[in-house]
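Naming follows writing order (A, B, C, D, E, F, G and H), and every chain is counted from residue 1.
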Amino acid sequence: MHWTVYLSGEIHTNWRDEIAAACEGLPVSFTAPVTDHAASDDCGVAILGEEPNKFWHDHKGAKLNAIRTRNAIEAADLVVVRFGEKYRQWNAAFDAGYAHALGKPLIVMHNAEHAHALKEVDAAANATCETPRQAAQMLQYLMTGALPES
Amino acid sequence: MHWTVYLSGEIHTNWRDEIAAACEGLPVSFTAPVTDHAASDDCGVAILGEEPNKFWHDHKGAKLNAIRTRNAIEAADLVVVRFGEKYRQWNAAFDAGYAHALGKPLIVMHNAEHAHALKEVDAAANATCETPRQAAQMLQYLMTGALPES
Amino acid sequence: MHWTVYLSGEIHTNWRDEIAAACEGLPVSFTAPVTDHAASDDCGVAILGEEPNKFWHDHKGAKLNAIRTRNAIEAADLVVVRFGEKYRQWNAAFDAGYAHALGKPLIVMHNAEHAHALKEVDAAANATCETPRQAAQMLQYLMTGALPES
Amino acid sequence: MHWTVYLSGEIHTNWRDEIAAACEGLPVSFTAPVTDHAASDDCGVAILGEEPNKFWHDHKGAKLNAIRTRNAIEAADLVVVRFGEKYRQWNAAFDAGYAHALGKPLIVMHNAEHAHALKEVDAAANATCETPRQAAQMLQYLMTGALPES
Amino acid sequence: MHWTVYLSGEIHTNWRDEIAAACEGLPVSFTAPVTDHAASDDCGVAILGEEPNKFWHDHKGAKLNAIRTRNAIEAADLVVVRFGEKYRQWNAAFDAGYAHALGKPLIVMHNAEHAHALKEVDAAANATCETPRQAAQMLQYLMTGALPES
Amino acid sequence: MHWTVYLSGEIHTNWRDEIAAACEGLPVSFTAPVTDHAASDDCGVAILGEEPNKFWHDHKGAKLNAIRTRNAIEAADLVVVRFGEKYRQWNAAFDAGYAHALGKPLIVMHNAEHAHALKEVDAAANATCETPRQAAQMLQYLMTGALPES
Amino acid sequence: MHWTVYLSGEIHTNWRDEIAAACEGLPVSFTAPVTDHAASDDCGVAILGEEPNKFWHDHKGAKLNAIRTRNAIEAADLVVVRFGEKYRQWNAAFDAGYAHALGKPLIVMHNAEHAHALKEVDAAANATCETPRQAAQMLQYLMTGALPES
Amino acid sequence: MHWTVYLSGEIHTNWRDEIAAACEGLPVSFTAPVTDHAASDDCGVAILGEEPNKFWHDHKGAKLNAIRTRNAIEAADLVVVRFGEKYRQWNAAFDAGYAHALGKPLIVMHNAEHAHALKEVDAAANATCETPRQAAQMLQYLMTGALPES
């Protein structure tokens, strides 16, 4: 049993590294979107040519990034989506909906204050947690059957 | 040719009625989530019993509502998602992702100010517009081949 | 919006009639397995010839009934599975698993005493209830958006 | 030709080990649910926080375990489901229905006394057997074409 | 509940009419291949131009007929395949395999003498019968729940 | 048996009308793209706003038209694609590939001179013909079993 | 590029070995049904217990063998089906239909005398050939792009 | 993360080599159709026997090549389609439609002069570019997150 886990959503803290470090030794590979915010925003025009209109600037980048994010979700055995404190993060909710429609199991991570606003997303999830540590503990349990020591 | 069009997202203005009125006579049926905010929030506990914990109160409602929203998206020939001015509206983005993964054509409606934050959602759409009138004009064109008179 | 709802499981009380009566006037059609226990048990040999071995007697009947039950689940917009007080009812749990794998929304009905034994089935459901009245109220809400009067 | 075989159902005897031992050397990998009953029951609250209500205690655990069981069924080339002597084992029947809807070949194992109650599950199976030894012999035949020596 | 039933296979007796007559009044529609043997053999060249090579003569016809037969199988709720006394009837077995892969329930009809040669086809079927009367009785039972009077 | 037939490709002759006229009385409905060339080219900017860059002008229109063409292909029981004498007609070949991947039966219509260049498209087709009259004759045969009178 | 090729059908000559020998060095793996005729016929009762009725004797074996054949077809990149000189070989035609419905490319091998009777099977194939040598040459061409030396 | 990228379309320049060279070191494998034009045209008759009629000559070859091209598209994580300066290239557009219907991300490459004629194909693409260098830069970005140095 080896799983590929896609870590979607918030890109301004090191939560992906925390999970990966805590899961070292488990038969799990992690994938992610491009987490360099500037590169992610500008990739379309940097490669395919400038656009005077910001909408098309964004469009070229978002469609290019979608190749990576959609492929990664489709290849994933599990999708973890983290909603952070900043920004609208509609792409995180979009990823959650996309993954759910493909039948991928979903773990959603967010602070308690967002629980009401995220109730539809949480309702599609197999688990809702608040911290990377909990996500890692779930992965440890799922892969080994062992609960975290209390 | 008859289409069922699911109108997802914002529930605090009468944009659904505007589109329906402008499309009268077209072979189009419209579906929608429950748009009574209070009923939508409380449906789970009202029917299945109170929950002291707000998370499970929300959870019961959201999972019940999901029966209607997922069925409607799956039955739709086209999904229109409107992002309004208020709230986080993560459920709208979730619906967009869900619909896109099912291969449903998508029209996204929002003000220009949200364009950057919604670039991933727009990138999955067949069209991005700002007003219900534009959405209705697209439906008129798609069903009849006639462009709006200028 | 018109739904076909498959009522699976227990066949020794009139719960299907209760739901249908309470939903009169809603755009909902109900389907069900053959609920005549004796006919259901003997249909295979009655039409296709006697079997001295009880296993093949049962097998012929169960495979014939499966044509109706699988077709009905596949055609359903919603599956309601009721676990009653008697018998092992493994076929009800099988139907629930079958429906869930097809992505059908699921309502599970059972007494509180079975909650622990049915936790995996409930975990796949959009709602867990105890009475036909609750199932009917959910259908009313889902089709009309109106909550039951308290 | 290498197969992954999911061994579902009863967790109180060592039938999984018996099959694995008898199949040593065959190009077959075995997967299973978490078979530590206590860990499986409590995993949700142990990681995600206590629930005063037993229903949600169970629910959190069952949904977490579902990540493992559904992924394993989806990745399996063959699903073997054993119904033991104790408990209701609705989850085993649920797994059988789930696997069958995904088109997975199914081997069902149970004592003769359960044959009538399990007739719908047996009707979906490619083979019904009583012992782990028979399941192992089928795997040996399927992988090598050689029948067991009599 | 209304079913479309595809009647595949043997085209030299009136078995389709027998079933249809016996099922009058049931909510069942029947579809079939073109049963005019000569027209079915020559349709390709009659419309698309002569072929000196018999292989391409047959090929053009078979590919044209496949539009009807594949569409009909895909639209069917149930497929009945009859193997008659004459010819190789590989197309009947092909249809059975095609239908089974699509998850269509299958009823196979043939004389006892063909049972061994058809064991793989029968193994994929929900029922094996010998006469059109039995097929009609199964349909009557499946639609109404009533067994034939003895 | 009622079929919906999508008529894709060339929009500068009245071949669609010829087929429809010849098929009057058959249980067949025809669908098509928007065949008003100017409206089809400009629909995006006419409704959603001007674009100074011709690429985005075309893009907006093509994505809007794709809602109609993809929905129509997905809803079709049969797709007829005609390649005419003028233009590159890459959209016709794209439609053929799209339809084929969805498993739709395909009839391709073109003059003999294009046979070599269209060999990959013809290889995916159930029939290759040259005239609307032949397409209509095939439909007549497929729906009624009767060959055209010679 | 590595392909798995399923070699279905006739089991009384060494055609599978001929193809495998001719393809040595190519990135191709071959799979096959159990080709020991006696073991294949008796596997069900040898493992699962005797049946006095020949129909169930055959049935148990055919359903057990189906685990291997269906899994192998589903895992194949290409299916080659050979119709030999003897027996009805309905299982070969069934496999062809099954493979075709799953979208697997198909090569059919048979003598010219069977061409008319196999026209529906040939019509679903990517290629029809007469000898194992031709099948091997096609594989060589498909994997390397090199035509056989004349 | 390892991707297989199918390079479809134009076969008269070395654009595939350019991309592969520029992507050396990335976890990407490339697949392609047979690019030897003469072998590709004649493969059918060279292996399966001469055809006096050019249509069937082409047909046999195109159907044989389709085994490789369809398998490669289905196995691809990304499809790049290049439209060159010569020929009709309907097979390239067919491949693009086929890939898009399977949900494969698509990069389309062509000179600006073809933009209007290819607008429907471009509308289905995640990116439109003009040069192999741009395609390689996109792959580099998608696999590593690093933009090309300016």
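In this section, a residue touches a chain if its C-beta (ideal position, glycine included) is under 8 Å from a C-beta of that chain, and two chains touch if they have at least 3 such contacts.
All of these numbers come straight from a predicted model, not from anything done at the bench.
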| item | value |
| --- | --- |
| Partner chains shared by subunit B and subunit E (touch criterion as defined above) | C, F |
| Contact-pair overlap exceeding half with B-F, pair selected from B-C, C-D or F-H | B-C |
| Homomeric contact subunit B-subunit C: same or different residue positions, threshold half | different |
| Subunit C-subunit F separation of Cα centroids, rounded to whole Å | 44 |
| Centroid distance [mean C-alpha coordinates] between subunit H and subunit B, Å | 37 |
| Subunit B and subunit D, separation of their C-alpha mean positions in angstrom | 41 |
| Sequence positions of subunit C contacting 2 or more other chains | 63, 66, 128 |
| Residue ranges of subunit B in contact with subunit C within the complex | 31, 34-36, 39-40, 42-44, 46-48, 60, 63-64, 66-68, 70-72, 75 |
| Touching residues (chain side subunit G, partner subunit E) in the complex | 54-55, 58-59, 61-63, 65-66, 69, 83, 87-102, 114-124, 128 |
| Contact set on subunit F toward subunit E in their complex | 1, 3, 77-78, 105, 107, 126-129, 134, 137-138, 141-142, 145-148, 150 |
